[in-house]
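Heads up, the next two complexes both have chain A, just with different partners, chain B and then chain C.
This part shows the complex of A and B:
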């Protein structure tokens, strides 16, 4: 199976508005999925440059932007992708 | 993100910075509230109109103007903005009183008391009634009732109830304040008594309505930077863990905001350590029994306002911020110095320290970086002329000062008897504790006091506080 890419925006806006806990994402992914997910912290994804600051923090999962990302939302999304592939 | 109040505060700060960078800041300011809370959007309070009213006061605080200064409610932000002047004296006045209460945002929480909830089963044992020392509890219709004319709020009833049916309602700001400096005024909203306030910021962090605000120094600092005034950023040791990336990358990011140079305040902490160790030895040689640290400005306010008799025990050694600023001004007398840290009361200290011109907190720094789209992790490392020593960089953590002084003393005199204690955070019991230390009943000769539990790294404006 192709790996799922999870990119966490480390831009200062996202960091200030809630990305800080997401930077520990790597350790929060359940063991059985570890092999399937590639987590990286990336520089600003550019989403906050529009006027929609209030939807930060942003992450990108398999190329798709997620707004107001939380640990729970990210895990849900990964689970969904894994299920679809199976 | 730990809560919505924090989110709102930071989002508004970033918008403020972005508005500043536009040509028509005055108009932008008037528009932010509506842009953020359009009539068709969601509200955080009862309605978008209430939200907008609060946003106006928050933006005033970001301009450095307190809500209490308001004389004419119809005055627009653009009008306040056009009257703003950059005046060192005015700036010092603001810094000396850095907190303001937004009465429009204050919920006027009902007075703290014990209440019987629906969980009461009107049990046979009725331990609440039997344990109440003032006979304030009686049972009607199989439910316990508290007679508030008798209740002394001791909490025994809540402690003994087998159903956890009795709970305490609280006023978060009053509960958090260690010195009873915040109370309701005649309008039923919170008011700070600045004769008692020690600017520890506990109310600021505790208020779930975010009604307690800091008066920002963003406007004068950004204006100076824009005008090309030479400025040096003095970055507190607590900065090390604030942003993703290394401290060297953070320094490069700060330089991109227009600062002429960056200095580690830890270099000042080295001088504080040397001088404090020397002072301690001299004091002990003279036969004194106790010396306490002096680097936490809220602790200094606490002693000055609540236990002046304790002043003689407080070290006279200047703080790392003061030393760092002296180093800068000796070399470059004409530059402006900007201290950047996690602290509210450093603003007060700066207002009394001629060498420090402005204070920014980490949220304000983060907002400036975010507003200008500067990522810390994308920066090249800054070349430090000399990195500060590890013990000095460690000042911001619990016991950091003690460890530094201890290491310094051990180098000079290995048989020195240092009996240390650490007051980890100032709370409601601290006054009693200090009196106990002063009495000499506790064997201690070096006492470190930090107003924030865990040290400066958990300061009120820290981005990573626990």
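This part shows the complex of A and C:
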């Protein structure tokens, strides 16, 4: 299975509005999924520049932007993708 | 080769073991308009608070007299007359070294009672061109030594308190302490290994070595002050996206040349530079565990350090203003501070486009405008850390 890519925004707005705990996602992903997910951080996803000011923090999962991201929302999304692929 | 010169001055001190205040004091001043830098190191009689007060009074007066080119003998007499008399020893006493140097190299060292200065050109101890002894009628036992010399680019002048030259006293192999000769030999060894060592690192190495001669215990206050005339090291900090998008390319190219080191502060700024220079940023998520309450620092291939923008620069500014112990500063801000310390000219290239998201009232008030933070940072770097600061807007 092709790896799921998770990119976390490290920009100012995202960091202040809740991206700090998301940067620890690598250790929060359940053991059985670890091989399937590639977690990385990017300097800025640039989403806050496009007038969606209050929807930070943003992450990008398999190229799709997730708004108001939380650990739970990210884990749900990963689970969904894994299920779909199975 | 850059012809510009810079006078770097730094001092390292250790307090006598068991005392809360250092009995030595130093003050430095850079007078940009006169291309001149002056420094004074003083050792007060005894140790602790009493010595600290004597030393501090001496450096304060001596620096002002030097700054205003006052008559030397009169200045020394005023200092001696002003110092409070010690209850125990019935004398007022402090020793001092003053250094007055200009970018052209003309330098004067004035000493009273302190160990003789060292003038190093490479590894060579250079004798003074002129030496004069001045004695006061009122204080006949206190002679002042005035030395004149010319510093060439790369030269260093080192002055220290007797806590350095007497380090090691009490040990068989240091019957008379480390002495000037031991200190000189150590400096030559360090400079042989690190020919471009900064004033800060050299002062620190000498002070640490002096401390280690008594196995980490300071038997006296230890101070070492180094003046280094050299070609400046330039640190360029790029922060913020340019106001006009068509300037992105020129802005990004600043990261490639003209500075000894480059830091990129800001996610959007990093994205612009990645795009324009076809490079990429590597963020090591392992650093998240140790990066404190700021986003982790990262690295742009072939360019240098990358950090988040406003929050990190604000933290750098506050930490420098409040003289926070750098070990207690979050990783990204610490990395910037350490690079600032290693350079002489700090150039800020500031993109002035405002990120509207940062004006969201839900975000903390300290999320200031980039321009304000950079201005504040520039001020503290010039006034407190004697850096040369340049700010360009894009």
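The rule we apply is simple: the second predicted complex is superposed on the first by the 86 of 86 C-alpha atoms of A that agree within 3 Å, B and C clash if a C-alpha of one lies under 4 Å from a C-alpha of the other, contacts with A are read in each partner's own complex, and residues count from 1 in each chain.
Rule of thumb we're sticking to: a contact is a pair of C-beta atoms (placed from the backbone, for glycine too) under 8 Å apart; a residue touches a chain by one contact, two chains touch by 3 or more.
All figures in this text were calculated on a predicted structure; none of them were measured in a lab.
In the superposed model, A:41 makes contact with both chain B and chain C.
In the superposition on chain A, no contact is made by A:78 with either chain B or chain C. When the shared chain is aligned, chain B comes close enough to touch A:18, but chain C does not. Among chain B and chain C, the chain that touches a larger number of residues in chain A is C.
With both structures placed on the common chain, the touch criterion links A:26 to chain C but leaves chain B unconnected.
According to the touch criterion, the shared surface of chain A, contacted by chain B in one complex and chain C in the other, consists of residues 10-13, 15-17, 20, 23, 41, 43-44, 48-49, 51, 53-54. Within the complex formed with chain B, the chain A residues making contact are 10-13, 15-18, 20-21, 23, 41, 43-44, 48-49, 51, 53-54, 57. Touching chain A in their complex are the following residues of chain C: 266-268, 270-271, 274, 281, 283, 285, 288-289, 293-296, 298, 306, 308-311, 355-358, 360, 362-364, 367.
By the touch criterion given at the top, residues 1, 7, 10-11, 14-15, 35-36, 243-245, 253, 363, 366-367, 369-370, 373-378, 463-464 of chain B touch chain A in their complex. In the complex of the two chains, the chain A residues touching chain C come out as 9-13, 15-17, 19-20, 23-24, 26, 39-44, 46, 48-49, 51, 53-54, 56.
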